[in-house]
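Going by the order they are written in, the chains are A, B, C and D; count residues from 1 in each one.
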Amino acid sequence: MLIHAIWPSLKRWRTVGLGPVSFVYSFRRRTRISKGRTVQAALPVPAASITDGSRTPETAGLAVIVGVGPGFGHALAERLAREGFALVLVARNAAGLSPLVERLERHGTVVATIGCDATAEAQVEGLFKRIVRDFGTPALVVYSIQDFGPGQVLDVSTAAFESCWRHNCFGAFLVSREAGRAMRPVGAGSIVLVGSTSSIIGRAGHLNLAVGKFGQRALAQVLARELWPEGIHVAHVMIDADISEGTVESHPQADPDHIAYSILAIHRQPKSAWTSELDLRPAKEKFWEHC
Amino acid sequence: MLIHAIWPSLKRWRTVGLGPVSFVYSFRRRTRISKGRTVQAALPVPAASITDGSRTPETAGLAVIVGVGPGFGHALAERLAREGFALVLVARNAAGLSPLVERLERHGTVVATIGCDATAEAQVEGLFKRIVRDFGTPALVVYSIQDFGPGQVLDVSTAAFESCWRHNCFGAFLVSREAGRAMRPVGAGSIVLVGSTSSIIGRAGHLNLAVGKFGQRALAQVLARELWPEGIHVAHVMIDADISEGTVESHPQADPDHIAYSILAIHRQPKSAWTSELDLRPAKEKFWEHC
Amino acid sequence: MLIHAIWPSLKRWRTVGLGPVSFVYSFRRRTRISKGRTVQAALPVPAASITDGSRTPETAGLAVIVGVGPGFGHALAERLAREGFALVLVARNAAGLSPLVERLERHGTVVATIGCDATAEAQVEGLFKRIVRDFGTPALVVYSIQDFGPGQVLDVSTAAFESCWRHNCFGAFLVSREAGRAMRPVGAGSIVLVGSTSSIIGRAGHLNLAVGKFGQRALAQVLARELWPEGIHVAHVMIDADISEGTVESHPQADPDHIAYSILAIHRQPKSAWTSELDLRPAKEKFWEHC
Amino acid sequence: MLIHAIWPSLKRWRTVGLGPVSFVYSFRRRTRISKGRTVQAALPVPAASITDGSRTPETAGLAVIVGVGPGFGHALAERLAREGFALVLVARNAAGLSPLVERLERHGTVVATIGCDATAEAQVEGLFKRIVRDFGTPALVVYSIQDFGPGQVLDVSTAAFESCWRHNCFGAFLVSREAGRAMRPVGAGSIVLVGSTSSIIGRAGHLNLAVGKFGQRALAQVLARELWPEGIHVAHVMIDADISEGTVESHPQADPDHIAYSILAIHRQPKSAWTSELDLRPAKEKFWEHC
């Protein structure tokens, strides 16, 4: 098709000078955002208890997961539901989360889904405004979007390099900033950024993952230093593992529910002994050899 | 006194050649080991459930703390007791632990204390033989001994350098090795080594702490790679903080019970997502500026 | 002025859906690229010796410096000139380099300047095509562009975040990729990326520097693993210091000529013992407390 | 033989209580120290120029190498000789260095050898007293002793663990401390500690190397922070490679002369841009997978 033939050319950034300013433009594949499912007004959203940060088994608070994939995202949602959180699940294809939502609701969890491109500033700003207005201040926000296409540096395209960075780092910045802005007035909450082996080692063939993940780690370090004193717990979790998606594999895999265990343990850490960074991998896994 | 005048000379290592071997000797201040308090035979030590690694609320298993100081060690013992562990508390001055033991026993915890110099090989070997024989295989062993005297490298005495290393690193090796030997047959258990800022940064004036703590971190990394596949969870916890001992201070302090929370969370991590290393500090603390 | 009033709004990325694609656009302050000064045809450019990578005192080869600021860039150019390199100096305002060029030429150095925005893909591609065509394959390429505006994460604007990343990381990717593509056919050459304290520590207030510098470090690590086996030496130099620009300051400063010494030493390392990463700071400076 | 049968028992540390002190003793294989070769009085030792730290081609100064093995140590001695240094070569078997010394002297280098066990405090103190008295203050001191026997932690003997630490870390402390004490009065000089992959990664099977190398890295970090302001350049060089000893191998090897190049480059760094840590490996080597 014509679109495929001219695509590499369309994706290049172009610049037109207009006196003292430049007009910068490019074409991207259109991101389809599907609508989420609003929680019915009749459902007992425990807005007050969420906002004041109290964490009883009945109202653990509101958790927002940005990037709900079939492995880790689903498992995290299910564990948080079991532990009493109300949930806002954010994904581009929010409509695709319906089976998960139905399962969660059958067990009494309050769940909303919102369609959002986490790399688009206006959408992320709108996302958190809507969450705070409709559900209250989140107690826990997890950013778990990852994008990667392998390749040697000399062969990497600029568009792929930049797109991966937008998902691995820029989106984390937008989400963290808006989450931090929402949490600051209440002086409480946790922001967890999900990293990987490529957060600390730039392996051959992994440029497009490592540049963003290193950047996200910088973000997590700066955020921790700036927001911990405000009462907001920022942590960076490095998953040095393949995450199981239910298939049987010969190599060790991390059960996503087990990863969720540690994210929750971090969220619950008492304030005088917080963690900024930890690694997670299966007992039988090699150390620091994943992507 | 005479002993103080000649002490620096007595502490030097001396060597006498005897044909193909050397006789190496020195004098040390005598380590006083006070006897511990054996648990009465009538007390219900849940040996079977401890050995098979099951962790029900009633019998969380047996925890061994090596180095029970007034701040962290006491708080860890109290939290583990609350969570249902039977305890073996190890210290040179085991007799001094009596008030703690009485408090723990009033709440029904099974507690034994054993006097032991953790830097003496034969004593550590004997310690774990006795623990396994009398109480079963430990589910959790925590090494929390630290020794430090500040000073610039050019002024540091060899005896102080070596003594600090023995407490910060060599004892951790002896305890980990014997704990690992005890746990390997059951293929379960956790070994937690307690580090500090000086585990990863060698700060001016901190030679005697950093050399041992860096070494202990190497030990933790090697142990994790070797013992995780055997089912034994080795983790290194870096406390980047002053630990509260109940006094009021103007700077932020880590509540030792809050540190204990995270050690327990690590011990309970499910096996497909274990952590090898994490940091702990108060929300309002500067990052990586402690000893 | 009107432009200042509406500027923050103009800088935002906007998206217009066009069926299966999106049109993404924004306005930027126009980057003024001034023309460089072409080397006269009569000048004895030692193209052959540059291309085959030989490094005799007379013809050390061709060095390309991307980002020639008044402190470090000038000093590096002067040291490389003294050591016998022919030079291509790259800056947006190439015309502004004339005084430096005249000084260098008086001592017999072959120097060309080229105006280029190192964050614009097409310009960087054109830059290296022109260099190879006109002067031969570079022996040494140094990327020394840095951009930073301090600020807390919650206050950082998206436009500033992205602009800093483009200069600190994306430009380094474009320049390294094109330099690597140019060097691969000859199987020789050095690429040096200039980092800072913020390459390994994300300090409070330094988000916009750290995200790009961490990312550049990832780039350097991946490049080293991929290009060293091809004979191309990639190294990352972390300058943990203020660099002197000739003014007198009360705090320690790194003489840029001294930094240039080590970049040259790295370039000259024999191939069986290459360095991938080193730090540089004044003898009297605190460790890892710069930006 | 009887000695072999009872050896493991002899090597254990034993303690005898004597009132307030303990007598601690053990047996070791006797370290044979062979006498070195004193430089003839008639030889033109440039003591003055060495002491004042001037570095002209004729009198680069005095270099001391502690641990002169057949690969790296010999190559370092030969490169330093070529560059105009007078040399003191230190080894337990100083007599065995005669062939090297004769070769160096034929080219006019002033060389002395001194037999010394670098892990014995009194010997190291005597070594530096003698060097300063007979030859002047060293300009460069390199510690390149390494000791390692592989093995899993649970199988490592206490004697081997401690012996490796003495060579990899304790000797580095003794030599650095005495070198620093000698250099401080002149406010100049370089101390280079030679590390390895095991300086920063504790790999399975490498306990006895990693614990000492991590400790040596801590030493180097503390020394750098304390001695740089005094004008003494301390650096830690991590050799992530097999070092060639002249045999042909299928895997990449670092030419020891190439390692020597970088040690000399570090020694010559101008004072406003010093390096504290760098890695060295062959272009075709994998990163961080050596011992």
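Heads up, the rule we're going with is that a contact is a pair of C-beta atoms (placed from the backbone, for glycine too) under 8 Å apart; a residue touches a chain by one contact, two chains touch by 3 or more.
Remember, it's a predicted structure, so these values are computed and weren't measured experimentally.
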Where chain B and chain D overlap in contact partners, by chain label: none
Steps needed, at minimum, to go from chain B to chain C via contacts: 2
Maximum centroid distance from chain C, chain identifier (CA atoms): B
Distance from the mean Cα position of chain B to that of chain A, given in whole angstrom: 37
Separation of mean Cα positions, chain C and chain A [Å, integer]: 33
Where chain A and chain D are represented by their mean Cα positions, the distance between them in whole Å: 49
Contacts with 2+ other chains: residues of chain A: 221, 225
Touching pairs - complete list by chain label: A-B, A-C, B-D, C-D
Touching residues (chain side chain D, partner chain B) in the complex: 3, 10, 12-13, 15, 17-31, 120-122, 152-154, 156, 158, 161-162, 165, 169-170, 173-174, 176-177, 180-181, 184, 198, 201-207, 210-215, 217-223, 225-227
Chain D - residues contacting chain C, complex: 221, 224-225, 228-229, 231, 233, 239, 241, 244, 252-255, 257-259, 261-262, 265, 268-285, 287
